[in-house]
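Two complexes, one shared chain (subunit A), two partners (subunit B, subunit C).
Moving on to the complex of A and B:
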C-alpha cells in the first residue's frame, strides 16, 4: 500500500467512528422533541389532534425537501402524491376491506400507487429543469386533480370522501385501535392534557422513522451523488454519473413519502378533502419547507408545524389567513432565507467556529 | 495497430453553421495527439462531440472498435474517455479532496446505484483513487481547501485530477495551460508528458512551443475541416497550415472546394 492508500484508509475509519455518537444524539433529540410536542402545542392553545395532523402532513414536506433541498428540483406537484395517497387509502379502506379496514393495507396501496405515479410522471419531468420542470409538475398535478374530481363514483367529486371507515392496525396477532385515548395528564397551570390518542404515538413513530431515513439517505452514497449533481450536473455527467436516473429516483422517493403522508392523514381524519390534491396544497409544501429550512432534516417538519399552528389560531379570528400566510412567507424569505432551522444551524456553526478559533489561539 | 479512437465523416452543425464538417480522425493507443487551429476552427466543438457533451449531427465515432456515436457522456466515461474542460469545471463549494472523491466514486460505482443506506466512505477504493489523482497533480497539500478558493492554475490542475480519478484510457485536455503562469505551465507540461506514457492523450492548446515539443502528431482544424495531420515537423512546414495561421483563407478554401 502506498502512503496515499494508507491515508485514505485511516480517513475512512475516522469518519466511521464518529458516526455512532451522532446517531444516538439524533434519535434522543428527536424522541424528546416528539414527546414534548403535544404538550407545547396544548399550552399554546392548539386543538387536540393538531399535533398528529402536523406530523403526518410534515412527512410529505420532508419528501418535498428531498427534491428541492437535496436534488435541487422545485416541484409544484407534491399534492398529486399527497392527495393521491389520501384517495387511494380512503378508497381501499372504504371498498376493499370486507368490513375490516386494515391500516397497513391501505397505506401500502397508497405508497405503491404514488411511487408508480411518481415513476411515470418522473420519466417525463426529469428531462426538464428549473421553471420548465416546475410548470410540468404543476400540469401533471392539475391532471390528477381533474381525474379525481371526475371520478365521482369513487372519490365523491368536489365534496371529497367523507366518513372513511376507522381502520384497525393488526399487530402481531392483535388489532390495535389507534383511536384509543392515552391516560389524561394534568399539566398544572397549562391545563389538563386529555384528548391525546394512540394515533399520536403512531404518528410520532412513523415521523421518527422518516426523519431517520432522510438523515441516512442524505448522508449516504446516493445522497452524496445527488449533492454532486445538484452542484454541477455537467461535471457529474463527466465523472460517470447518470443525472437523470438520480433525479428520477429522488422524485419517486419524494412521491412515495407524499403518498404515505396523505394516506395516514386520510385515515386519521377519516376524510379526504378535494383540496388535498389541489394546487394550493402543492404550494403549501413549498411554503412549509422554505419557512422551516430547505436542506435541513427537521426544517420541513418545523415549517409545517409553525404554519399549520398559526393557520389554526389565526383563521379562527380573521378571514385574512391567506394574506397573513403570504406575509409570513415574504418575511421569512427576506429576513431568514435559510428558514427557521437553517438559520439556527448557521448560528450554531458560526459560534462553534468562533470557539474553535479562540481555543486554537494560545 | 488498430486505432483506439476514430471518427468518420463526423459533422456538427448549429443551424446552417458547420462547426465540424466531415472530420475523419484516428488516434493510436498511447499517442499524444494535439488538435490545433485558429480561433473558431471547431476544436472545442470536436472535443465536445468526442466526449459526448453534444451529439454529433452526422458521422460515426468508434472507440476500441465499438460505435459510441450515440452513447451519452457518462457512458463514455465508463468506457474510458475522460475530459478536462477549457474552463475548470469543478464543484466550487466542496473541498479539493471531495472533488476528486466524486470522480473516483463515479468510476468505482457506475452511472447509478440506489445506495441509500450506506455511505461512500466504506469504499476504500474510492478514497485511494482520489488520493492517487490528487498526489499526481501535487494537490495533496491543498486537499482540505475549498476548491473555489484555489488559484487559477490549481483549479485547472484539479480539473485534470478529476479526469484522472476516473482512470481513463483516453484523456481529452482542452487548453490545459491557458491562463497559467510560466511556472505552472512548465509543471503542467511535465505532467502531460508523464501521463502520455500511460495513456492516450488528446490536447487542444494555443501554446505552439508546448505543442511542438510534446506531441507525437498534430491535427490541424480550419473552419471545421481537417486541414492537415502529421508530425510536428511536417505540420510546421506545411504551407497550407502556415497560410491558415497567417490569416489568408483563400488557399485553404480552394483546397476544400
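Moving on to the complex of A and C:
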C-alpha cells in the first residue's frame, strides 16, 4: 500500500467518524427536543394532546418539504394523501378489525394505499413542471376530495368519520394502550409527567424515525440527484439520470409520509374530518413548511408547531385567526423567505464564516 | 329531452363564468408569466363590492363599481407587492398569490360574515323566457350574452389595438419587445388590471345566479385552473374552448349521474394531459417553464 493510499484510507476513516459524531449529535439533540417539547408547550398554555397532534401533522409537512425543498416540486395536493390516509385508517379500524382494531394494520393499509395513490397520480403529474405541476396536484386533490365526499357509505360524507374506535398496539405478544399516561411526577409550571400519554412517546419515536429517514435520504445519492434535477434538469439528464423516475419516487415517498401522518392523526383524534382531505389542508402544509423553513430538515416540523400553537392560543380569542395565519404566511414570504429554521441556520453559517476568516488572518 | 336542453343551457352559463375567469388567468399568465392564485379573490371582491353598491346606491351601479373596484385593487397589488416578485422563480409567485388569496378570503369573511349572500336579480329581468319547449330565466340569458360581448371586446382589444400587439408580442418574447422599445411593464399592469376587472365584473354579474360567500373565489378558481390546463396555458381561445367544454361536461353530468359531476372535470383534465399535455390549443413550449 502506497503512502497516498494510506492517506486516502485514513481520510475516509476520519470522515466516517466525523459523520458518526454528526449523526450522534443529530439524534441526541432531536431526542432532547422531542422530550422537552410537551412540557414547554404546557408551560406556554397548549392543551394536552396538542404536542402529539403537532408531531403527527408535522410528518406530512416533512413529506411535503421533500418535494418542494429538495426536489423543487410545489404540490398543492398533500391533503389527498394526508386525508386519504386518515380515511383508510378510519375505515380499517372501524370495519375490518373484528372488534380488535389494530394500529399497525390500519397504519400499514393507509400507507400502502396512499403510496399507491401517489404512484398513480405521480405517473401523470411528474411529467410536468413548476406551476403546471402545482395546478395538477391541486386538481387531483380536489378530485379525491369529491370522491371522498360522495362515497358517503364509507366516509360519512360532509360530516366526516366520527367515533373511530380506539386502537390497540400489539407489541411482542402484549397489546399496549397508547392512552396510558406516564407515571405521575409534578414538574411545576411544566405540568405533570402523567399528562404525557404513551401516544406522545409513540409519536415522538415515529417523528424521530421520519426525521432520520429524511436526513439520510437527502444526503444520499438520491437526494443529490433530486437537487441536481431541481437546479438544472437538462444537465442531470445529460449526466445520465432519469429525472422522471427520481421525481416520481420523491412524490411517492411524500405521499406515503402524508398517509402515515393522516392515519396516525385519525387514530389519535378518533375522528376524520372532511376538511382533512380539503384544499385548505393542502394549503396549510404549504404554510407550515414555508414558515418553518423550506429545504431544512426541521423546518416543516417547527413551522407546524408554531402555526398550530398560535392557532390554539389565538383562535380562542378572535375570529380573525385564519386572516392572521394568511398574513404571517405573506410576511414570511416577503421578508423571511428562508423561514424560521432557514434564517437561523444562515445566521449561524455567516457567523462561523466570519470566525473562520478572523482565525485565518494572521 | 327537456332536462337535457336545460342542462346544456345551464352548462353554457357555468361555462361562460369559467371562460371569463380563465381568460383573465391566461392573459395574465401570458404577459406576466404569473399564475395568479388570487384570481378567485378578484371574483369574490367583485361580488361583494357589487353587492354593497347595489344595496346602497343602485343595482346597475353595482355592476359598474365591481370591475372598477377590483381593477384598482389589482393595480395596487401589482405595484406594491407583486412587482418585486416578477424576477423570482414561478413557484414563489405562486406561493405569494396563494397567500394573498387567503388574506382576501379571510378579510371578506371577517367583514361580511361566513354566510351565503344572494345578489338580487334586476326586477326587469326577473321573468323567464320561452325557448322552444322550455322556460329559461331571462337573467341567465342576458348574462350569457353579456359575457359573450365582453369576451369579444377583450379579443378585439388584444387583436386590433397597439396595446394588444405589445401584449401578444410579450406572450411570445418579453425581452424582444423591450428591445424594440415596447413598454412591456406598463402593458403588464394594464393586462393585470384588465384580467382582474373581468373577474370582478363576472363575480358581480354571476352572483344573482350562484350565491356568494367568502369561499366562492376558490370554488370557481380551481375549476378555472382545470379550464386553463385543458385549453392550454396562455392561449386565449383555449380558455374559451376549455371553459365551455368543462361547463357543459359538469352540467350534463349533473343530470346523468350527479355524484360524478365534480369528479368528471378532473378526469377530463387527466385525459387531456395524457393525450395532449400542452392543452387542446396550447403551444408545447409553455409547459416546461
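Simple rule for what comes next: the second predicted complex is superposed on the first by the 338 of 362 C-alpha atoms of A that agree within 3 Å, B and C clash if a C-alpha of one lies under 4 Å from a C-alpha of the other, contacts with A are read in each partner's own complex, and residues count from 1 in each chain.
FYI, a residue touches a chain if its C-beta (ideal position, glycine included) is under 8 Å from a C-beta of that chain, and two chains touch if they have at least 3 such contacts.
Just so you know, these numbers come straight off a predicted model, no measurement behind them.
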Using the superposition on chain A described above, determine whether A:20 touches subunit B (first), subunit C (second), both, or neither.
neither
Under the stated touch criterion, which partner chain does A:129 make contact with: subunit B (first), subunit C (second), both, or neither?
second
When the two structures are overlaid on chain A, which partner does A:220 contact: first (subunit B), second (subunit C), both, or neither?
first
So, A:283: does it touch subunit B (first), subunit C (second), both, or neither?
second
In the overlaid three-chain picture, which partner chain does A:360 touch, first (subunit B) or second (subunit C), both, or neither?
neither
Is A:231 touching the first partner subunit B, the second partner subunit C, both, or neither of them?
first
Which part of subunit C faces subunit A closely enough to touch in the complex?
35, 81, 84, 90-92, 94-96, 98-100, 102-103, 105-107, 109-110, 218, 222, 225-226, 228-229, 233, 259-260, 262-263, 266-267, 269-270, 273-274, 277, 287-289
Seen from subunit A, its contact residues with subunit B in the complex are 2, 4-5, 7-9, 11-12, 15-16, 216-217, 219-225, 228, 231-232, 234-242, 245-246, 249, 253
What part of subunit A is in contact with subunit C in the complex they form?
68, 72, 74, 76, 124, 127-132, 134-136, 138-140, 142-143, 146-147, 150, 279, 283, 286, 290, 319-320, 322-323, 325-327, 329-330, 333-334, 337
Which positions of subunit B touch subunit A when the two form their complex?
51, 53, 72-74, 77-78, 82-83, 89-94, 102-103, 105-107, 109-124, 127-128, 130-132, 134-135, 140, 162-163, 165-166
